[in-house]
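The following pair of complexes shares a single chain, chain A, combined with chain B in the former and chain C in the latter.
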Partner chain A sequence: MNTQYDFDVVIVGAGVAGLIMAKQILEDAGNFRVLVLEAGGERSKSFEGHREYLKNFFEALIKIPNSPYPAEFYAPHPNELETKLLNKNDPAAELQYVLQNGPQPFRTTYTRSLGGTVQHWLGTCLRLRPSDLKMRTTYGRGLDWPLTYEELMPYYRKAEFEIGVAGDVDEQKLDGFKFEDGYVYPMEGIPKSYVDSELERRLNGHTFTYAGTTQKPRVTASPQGRNGIPNPKYKDENKNQYVPLGAVGRGDLGLRCEGNSSCVPICPAQAKYTPVKTLNKIDIPEYADRFSILYNSVATKLHIEKESGNIESLEYKKYGRGSISTKQVTAKVYILAAHAVENAKLLLNSSCKNDLIGRNLMDHPFVLTWGLSDWNAGTFRGPAVTSTITSLCDLPTRKDLSACRIEISNWGWNWATGSPYAEVDEFLGQGLHGQKLREALKNNISRQIEFNFLTEQLPDKDNRVTIDENFRDELELPRPKLHYQLGEYERAGLIEAKKVSDQIFKSAGVTDCTKYDKKDPGYFEFGQSNAVFYGAGHIGGTHIMGLNANDSVVDKDQRSHDHRNLFAIGSGSFPTMGTSNPTLTIAALSFRSAEAVLRQLKQANPWN
Partner chain B sequence: MELIKTIEQLRTELQAGVVVEHTTIPVYLVALYSLRGDANARVRDVIHHVLMEEMLHLTLVANLINAIGGKPNLCQKTLMVPFPAPLLPGNNFKVNLSAFSKSTVHDFLQIEKPAPAADQPKGKGRRTIGDFYDCMRDSLKLLHEQHGDTLFSAPSNPQVTGKFYYGPGEIVPVTNLETALFALKTIRDQGEGDSHTIWEREPNYRFKGSLEPAHYYRFKQLLDERSWRLHDDPAKLPTGPGVTVSWNDVYPMKRNPKIEHYDGELKEGALKFNKRYGELLCLLNETFNGKPEKMGVAIPMMSQLRDLAIAVIRQPYPGKKGFNAGPTFEPVDQPCGCSALAKGAVAVK
Partner chain C sequence: MNDKSVQKFLQLSSVLTGFSLFELRASDCTEEFYETTQRQIGRENLEAFLANFADTTQADIDVSLANSFLGPIAKNIIRMWYVGNWVAMPDEWWAAHSSEIFAANSTFVVSSQAYKEGLVWKAADTHPMGSKSGGFGSWALPPAETK
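Now for the complex of A and B:
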């Protein structure tokens, strides 16, 4: 073992990408030493911390994704309400940690604490489609990935084991996904909710028009990273059946999804995967002498060796009560797993030269539509989303407008109006109380149908993260500034979504109640139509992968083209977004990149 | 306790095990329901965890009965008994439905009292649950010597497996001597342990590092308001970090409440609870008598019971100033789908 370095590997960020990476390196026979630096705190490591998060959620007046997870004073993160654009006349915009330079607000946030943004993920575990990775070749839009679906397949399997995916492979096959023969998910699929099944039944035989084509609504159950019934046919790498992992600190709880439907922002049962479950596999006595994780430690700068371009050390600030100390750490390999915006911020603050750093910022911008069914839909049962309408995920129309995937909400109009709290407020305002109030709520809430149309955003170099020396955080680090707008491609896709919604609602016996507010920060117009877009919490781009330093920041192993002992991992590496939620792919890429890191560590000179 | 000589008798005795395991459940449930607000989060954890393990024990005993050709009887008409209720045949100790308090925890300690360690002389007269299961184990071994594997060759019903059951500990389908002994050992070790050690001797946990004290010692932590450290002496006080117990954040429920004292909405609420509880037992009866998938329906009912119970326990007790009402766990005269099933079920002592 080379003791010239403090560690073999330093990983920045204790989220899903970083912790899977740490686990893979520690489990290797090479006895490598790993340090993880986490900018935020460790509350999610204990059951008591989870309770504290739950309390925050229950008490929050607006239940946004970051509502259970308070930001650290020294490691702030944005929240969903911080959408004010920088404006000389509005000093409040400058107080938002992430500066919104416009022209449109970036409505997506992330979380800086143990577990990262995946603490408030929905849990949907769709793979990317083969065509999602070949957008340029197939549709003449966006970019191609330097990886094929076939290359990713074995790593998807590893990711599905690690996260613990409950799903139905046969249904996914019908939806166009390829799997190895005989493969099943670790757990049997989470059943479709009553809303899903009723919509499926009522839409059977109907068609709708979409961008000049005729389509059938296809309701598909989503594979999900939450505990269900273990599939007896599943065999892991050691030929064992899958054993669900329970709540952090209370392994006897959370062994099955309880259908609480508050998955975003917090699963009360912890049946939903959290990266802390991965941490618990490596934070064990066997690894105690070669694994460290430091909380409240913000990576601030990579020091680059002039000639080789290799990273020679990483500077970080450790903060405590009233104290901040600056430290250095050296390693053979450095891995940035701090999520797209923070990875870019760190690379930019380290004066890394590649002009593409921070560029091609993406999300799954989405519009909501909502209506009241003329049948009892039994809303608010089951996890937040159990099925999606997948008919529009991969059509030839992708050459003209963005593809979209329609999530069917089990949580009524929660995203759209703040249901059920908003309705209580409204009916009280109408003077209803007692029995009448209860009747009115029951009648309204159990018929609430909401669709979320998630669209694919293309990489655009002008959508980007920069850092601004004039605006600094409490550690004196320049804060991230976002330049963001939806292109014609995305706007066209979002507007078309509303037209689809109108037709589906009509076929299913649902009265449209959608209203887009001109004053909403996400309001936009396109042609004769308008809508309000939201951010899905799926940040991509900022250090995209590709073939060389001219077209990308990292290679297919997520290794920097310019700094050979530096990896930047996570959805920041995605060259395009597809319409699938990114976490499963982030996890799969981590498994894949871990092999590259291990190969590099085993070389005589790991810097080559 | 004398060893059992026939398979028939072993089935009957194990059914007594079903009754014993079930008798603890209302007792722990009521204590859990009585905790008010969030102040006793730790207490709730301890009782809840033990309660879940009692349900596991019940499931394991029922699996064992099925494995040796018996039919476990969980029908409400068998299991719902008036409180105070005797815990074990041949022991005067009775258990109560009472709100969480120091005296309630003393009762819990009695329930879970460890048997003297194997190398210590057995006390006369006082039988523990541990003694009972030791006798079951030794009898099973003896019968297996006599009958061999035919003991397990005609199971009466399918086993309840991890497909339908989840919670702390390991659910084992019982199919032979090895798994039968494993099931009995799990019950024995999680529950009482012995007076030599605080800890469950061989925790069958999926998670590294989650070595739990046996039930007796877990409850003792509440009384002493302090947790055990790994090398503590079981005969002395725990020396680990403090445990917060807020003895006053409890609904002051009257001990062993009776529905005959209730009227109006309170009576309605309490009846609703008892009715539902009875239905749950009959559903479990079906689960263990041929329809293991019914467990999937039974589990959400358990959450519903909590809401029904809390609606009752918040009310004042009629005519008893300063006391609250509570769920009574009394049998309700309602038709029950179990009667057909119960044919051929073992007699209850």
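Now for the complex of A and C:
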């Protein structure tokens, strides 16, 4: 093997997974040289770029998650509205960058530019539960992770520091999570919203039935990756207190969440974590001679050495105005951090052999329920979600139907109906104007209660990403094609949601207004009931971790079983999803895998 | 620009939206909305529309909202004040009253400013998503009226 490498490590993707990895390798005493390839542009690196994104958001008619972040012509990304299934009679379905093969649409999205999908994340930073990592053993469903919660604990701490998590450990403990004695989050918990507290107060003493069991509604504040008040008891690895990181390019701003209520898709204050904050720790003069990041550079193919199976080089295309050049780069270790769908696309385009690549595509499919409270809930204030009802996250019923976590919306029916726009249209349609219109809107909007029931989707080999030679992107790469369906397990869990919602609404003085539209792309029926499901943007599977190449694509270090100098990182490695949002775990796994990469770099023969 | 017409437009906007002249002036959107309306439906139609509301009684407005020429204009003006969007005129209206010199019949956000000043947020005692935030922890407090 050639011993002259361009870099020690090449990382594909400047999102949270890739940038934490880059940081850990650069900060090691080994003086390793790191290249990051980023498919999209670098707008988010400057304060001006952020302002541009903000303007895009204000001026977008439909304020979907990708609305501030325009897709690059050469590095497209999907959006939630692209749910058309491939169909010979509908050419529009072929124009969607991510092809939907069905039978159901994969209703989720990601973003390709510096900072990645986290740019429009909500910021919820839950750990996975110990049982989430042992679904097969505990509930006879899904798969076990090759890692335990205990093994992950130290890395969760690192992730909570890096993202800057505000939360209340005691409340998390009551909710079944385990922490080291004396541990606190870097920042004190973000206050629960008025909606949360009122629901909690009104539900106190009430119970509801769920899949034949009796449950108490437990309203738990979520740990969140947004700046709050530093916890004086917190000590980092160097025994320092936590200092919040402000806005990119304007560190004096964004030191505390201001309640702008637009976290998805953009935090104007940048009080919410963005991976650009991690980039700023390494994009410094000290590392200038051994760290490079190239924008508008799309990794396209891994070249594999025949005998050893090791990666010899990585091909990428750099695009500019009207020009595309194809380049090669060599490194000792290659790390794919392009997120689940793009990692799979790259592995499949490189003719990697493992049949599990692209399989076990998962999400947290969710249903919404909504109603009007008979009390003023003071909606549309604060982060989208500050608490969830966690009673159904880990019950023995997980052996029969998918667990769920119930997010309480602070933004009324924003996700369900497109509130407040839909309500303005509706009342105008009724001929209201003047004082009457104003009062009707006030009366309706401030009483809107919405629940988002996020369910756990199990790994299913037939839910998968493939690539299709017949449909190519602007760089002539075969485009990703998704094969997706909710199983009985998920359908049962989603349908149970409405029954739970009805009971909780009743106890809390909320009149149900939920209506599922038969024409909605997420409409489905199960038994006598029906609902509409959405995608949570929590894409998992596609290169799951496990014990060997027969059951998985990567090992517990996220290293490929077949190509020993290749790592594929991120939620693509998750064998199961639990009910927690994935990013804190993605970050923790990056910290953990960085140690494996460093060990490998320090070996005499790093590609063994 | 015809100042008198703008004044008329503002007065009428106040009646249509249920917000005082003072509140509407504070948003500094009057001229932009007037111009947008004029660009989208033409000067003559706008003048005819304004002329129709000589003295704006409640009964006048109810009749006007139901009128096939006036109604869609009035609703669009209300919607612009409430959410900052101009919405394409209904097909029938466009067929009957448009002329070549008009801007295309389209739907768009008038401007960032128009979005941020949307009255719907004030009506609901809150702030526009992404702007005029209440400050750290403000969301934990009871809403204004139950304080």
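Quick note on the criterion: the second predicted complex is superposed on the first by the 605 of 608 C-alpha atoms of A that agree within 3 Å, B and C clash if a C-alpha of one lies under 4 Å from a C-alpha of the other, contacts with A are read in each partner's own complex, and residues count from 1 in each chain.
One rule holds in what follows: contacts are C-beta pairs under 8 Å (C-beta built on N, C-alpha and C of every residue); 3 or more make two chains touch, one makes a residue touch a chain.
Only a predicted model underlies this, so the values are computations on that prediction, with no experimental measurement involved.
Q: If you stack the two complexes on chain A, which partner ends up touching A:29: first (chain B), second (chain C), both, or neither?
A: In the superposed model, A:29 contacts neither chain B nor chain C.
Q: Quick one: is A:256 in contact with chain B, with chain C, with both, or with neither? Answer first, second, both or neither.
A: Once the two structures are laid over each other on A, A:256 reaches both partners.
Q: In the overlaid three-chain picture, which partner chain does A:51 touch, first (chain B) or second (chain C), both, or neither?
A: A:51 contacts chain B only, not chain C.
Q: Touch check for A:604: first (chain B), second (chain C), both, or neither?
A: Neither: A:604 stays clear of chain B and chain C.
Q: In the three-chain superposition, say which chain, chain B or chain C, touches more residues of chain A.
A: Partner touching more chain A residues in the overlay: C.
Q: Between chain B (first) and chain C (second), which, if any, makes contact with A:92: first, second, both or neither?
A: It touches nothing on chain B or chain C.
Q: So in the superposed three-chain picture, is A:245 touching just chain B, just chain C, both, or none of them (first/second/both/neither)?
A: Once the two structures are laid over each other on A, A:245 reaches chain B alone.
Q: Residue overlap on chain A between the chain B contact set and the chain C contact set?
A: Residues common to the chain A contacts of chain C and of chain B are 55, 256, 258, listed in rising order.
Q: Write out the stretch or stretches of chain C touching chain A in their complex.
A: Those in contact with chain A are residues 15-19, 58, 61-62, 65-66, 74-75, 78-79, 82-83, 85, 107-109, 111-112, 115-116, 119-121, 123-127, 129-131, 133-146.
Q: In the complex, go through chain B and note every residue touching chain A.
A: Residue list for chain B touching chain A: 38, 41, 45, 49, 52, 162-164, 166-169, 205-210, 299, 303.
Q: Can you list the residues on chain A that touch chain C in the complex?
A: Checking each residue of chain A against chain C gives 54-55, 57-61, 63, 191-194, 197, 228, 256-262, 266, 268-269, 376-383, 386, 410-411, 414, 420-421, 423-425, 428, 431, 433-439, 441-442, 445-446.
Q: Going by the contact rule at the top, pick out the chain A residues touching chain B in the complex.
A: Chain A residues touching chain B: 47-48, 51, 55, 229-230, 232, 243-246, 250-252, 255-256, 258, 280, 284.
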